[in-house]
Amino acid sequence: MNAVQYDKKLRLQLFIILCCSAIFVNIFGDYFTRFLLSEIIILSLFAMSLDFLAGRGGMISLGHAMFLGIGAYSTAILFINFNIDPFLCSLLAVVIGLIIGYLIGFIIVKTDGIFFIMITLALGEMFHSWAYTNDFLGGSDGISGILRPKLLGMDLNEPLFFSYYLLILLILVYAFLAAVTDSPLGRNLDAIRQNSGRVLSLGGSVKLYKSASFGISAAIASLAGSLYAQLNGFVSPEISHWTVSGEGLIMIIVGGIGSLSGAILGAVVVHIIQHEFSKLVDWWMLLMGGGFILVVLFLKEGLWGLILKFKNYIIENK
Amino acid sequence: MFITEILNALQFSMTLFLLSVGLTIVFGLMKIVNLAHGTLYMLGAYIGLSIWTFSDSFWLAFVFAPIATAILGALLYKVLFKFIQRVDPMRQVLLTFGLIYIGLDSVRLIWGSMSHSITTPELFSNPINIFGETYPTYRLFVILVGITVLLILYFVLEKTKMGAMVRASVDDHETSQMLGINTEKILFYTFSLGCGLAGLAGVTVAPIVGVEAGMDMEVLVLTLIVVVVGGPGSLKGALIGSLLIGFVDTFGKVFFPELALITIYAAMALILIFKPGGMYSRL
Amino acid sequence: MIISLQNISKSFGANNVLKNISIAIDKKECVGIIGPNGAGKSTLFKIISGSLFQDGGSIIFNDANIDKLSIEKRSRLGISQSFQSNSLFNEMTVKENIMVACSQSFKVGWELFKSLDKRTNIITKSYEIAEEVGLTEYLDFRSDNLSYGLQRQLEVGLAIANNPSLLLLDEPTAGMSNEETKNIVKMVKKLSTYYTTIIVEHDMDVIYSLAKKIYVLDSGDLIFDGTPNEVKNSKLVQERYIGIKQ
């Protein structure tokens, strides 16, 4: 894998720009744009978790939507069956995602390349079909009646507040993932992606680093799932279908793999194409599929790469 | 009832075999997982549908739909797959993922989003009586198609020079290239053949399952599982894997509908964890 | 004594690559292992580092048996190795390469989330190591942009990043020009004054100028050991090794 991005300054600059535009949209938007914004923020969380795993760790998961499902379903069950406070539900979903992710990671990180992709696909589909047939999880109908939290006297069922709540979480998760990326753990993950044998011979616990990162990534995906359930008020098995993971990977490729804030940009672009173009043209899937292929083939560093070129161009011409 | 289920399982296994054999050999040769393989299966069914509608002959569809998908496969190879062999696995997988969308939308634009069906050919319209149970003859024909393809492939792979070269390329790509085997050409032909077989699977099951957009997704994951469980690159693996998955799926749905698919995925996960190369790995 | 190999044997199928090899190495000693191709020196090297396990015999390191320990555990005990072919982190700069190598022993806790670039102790350490292997000028170069010789130097730099108590160097001069060889010999000579070093080498001159003691392997047997002078004058070695070479 080549061209994994590591430019801390540009990463932060892009993130700030994206956050500012989110605030702008939230202030001036209507109900629908705010809903769209909320969806995009949640997908950004998911894309960032995948970006950390695939971009930094080289672990390409085609079953990561399983953790979206785990987060969403545990939130639903904790809220409906155990009457737990919605905010606490999200926290618990993160913990559950972390534990399950770490355990799964511990077992599967020894596989590599295409086999890692296949095993995550198998596990993801296992969860999906389990959710689909399990009566406790509501089968193909899923579970509905999930409410959003009330925090500091604010009812987050009001879209304006919920978007801000999501934005704060996005900032926290970004700060956390950026810190992990720059930490010894993240740098070692980088090193493992490039040359895992050498990390072993330097005394690094490759397996521990990788499974810990898998757990971290799963926890964030699980948070995204929990928030998605609260946004929509219901959860269905579709959330954990493998194509959702595939779309997540597309987002990080479009945004620029390994750049973290590029993943958010990717989520914005891909989601808007999916949901807005489909209203404009009848053959949007054809466009999207073709677009993906062209980006994967010719825009190796994604939109991030373009931004980087643009930035360098400006610096040179100053 | 029991015999019916066995035959159903066998029929499903043979469909899976037709689908997975092309995928597995391409994987063995190129180390590429083609997620769009299911799309070619769907296209096989749709092209068959069109030929059947125009000519009113299932047999013309049966012959020409696979040829059409093989040609499509050849085109795909020439414009895309040829160039992505050195690309990292994620990009390969995502490229073929993009093809799924294109396939789905093309089918919808050309044939509409309604589901269609193809009538069973005259020859097999009457059910047959096997040990006191009536069974549709057409399904027996599907089994026969699968077995015929299996025997032909076995003969070609094991007994001919071409087959020996394919096997050598699967086992050791670089060495075969050094030995002067034209791996490029082998890749091209096996890829096209694999796509043709996917199309054959599509057109043969069309009278049973119907023709609709999304039929590719239903078989794709199962096909991938067959490939991985059987061991990429192995004909025997594809056969055993297809039988295993076909029978577990069919009988699972009858006896414990809730657990059937989960068992299959769990089996795949376990095999990958403990035997990362699959049961009959040639890698 | 820091490490002792006792009756190490290893075979691949019917091929006995190592037969009852016993070697003991003292602290601060610089030892060379030589032998013609296929003599088993690479296998021996891999058995010491832990990337292969022996069939028979045992390895005692600092009075503890390390037979069953994996490569990473041995590395944490202080057995560090450089590879015959460069094994670097290609997308990282020289500085980052060394910092990653230095960062393997961190404690679990909040400390984990502190940026690697802000850890003064690791940065100072990485400057020291860069200095040691002569790469101070190249700290911000991406490692895949370095010349081959400089990459070899970085290869050794990674190996000494964790203050090893035993340094294993696998053909440090492999594929180098004369000038580059001179540089690295000078460097290793300095390193060998404070690290216990085992060097596996093809180039006899390099070994003669570095090692205090030389073990000669031939077809899996330890046929001779002694000082460089003794090896030079040994008839047996000349017949079996140098004879073959010429």
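Going by the order they are written in, the chains are A, B and C; count residues from 1 in each one.
What we mean here is this: a contact is a pair of C-beta atoms (placed from the backbone, for glycine too) under 8 Å apart; a residue touches a chain by one contact, two chains touch by 3 or more.
All values reported here derive from a predicted model rather than from experimental measurement.
Enquirer: Which of line, ring, star, complete or other matches the graph of chains that touch?
Expert: Drawn as a graph, the chains make an open path, so a line.
Enquirer: Could you work out which chain's C-alpha centre is the most distant one from the centre of chain B?
Expert: Relative to chain B, the chain with the farthest C-alpha centre is C.
Enquirer: Just to be sure I understand: the centre of a chain is the mean of its C-alpha atoms, right? Then which chain's centre is nearest the mean of all of them?
Expert: A
Enquirer: How big is the gap, in whole Å, between where the Cα atoms of chain A centre and where those of chain B centre?
Expert: 32
Enquirer: Please report how many Å separate the Cα centroid of chain B from that of chain C, as a whole number.
Expert: So the centre of chain B lies 51 Å away from the centre of chain C.
Enquirer: Could you work out how far the Cα centre of chain A sits from that of chain C, in whole Å?
Expert: Centre-to-centre distance between chain A and chain C: 43 Å.
Enquirer: Can you pull out the residues of chain B that are in contact with at least two other chains?
Expert: None at all.
Enquirer: Pull out every residue in chain A that's touching 2 or more other chains.
Expert: Within chain A, residues 2 contact more than one other chain.
Enquirer: In the complex, go through chain A and note every residue touching chain B.
Expert: Residues in contact with chain B: 1-2, 54, 60, 62, 107-108, 110-111, 113-115, 117-119, 121-123, 125-126, 129-130, 133-134, 242-243, 246, 249-250, 253, 282-286, 288-293, 296-297.
Enquirer: Given the complex with chain C, which residues does chain A contribute to the contact?
Expert: 2, 4, 176, 179-180, 182-188, 190-191, 194-195, 197-206
Enquirer: Mind pulling up the chain B residues that touch chain A in the complex?
Expert: 31, 33, 35, 80, 83-84, 88-91, 93-95, 97-106, 108-109, 217, 221, 224-225, 228, 257-259, 261-262, 265-266, 268-269, 272-273, 276
Enquirer: Flag every residue of chain C that touches chain A in the complex, lowest number first.
Expert: 49, 51, 70-73, 75-76, 80-81, 83, 87-92, 96, 99-101, 103-106, 112-117, 119, 158, 161-162
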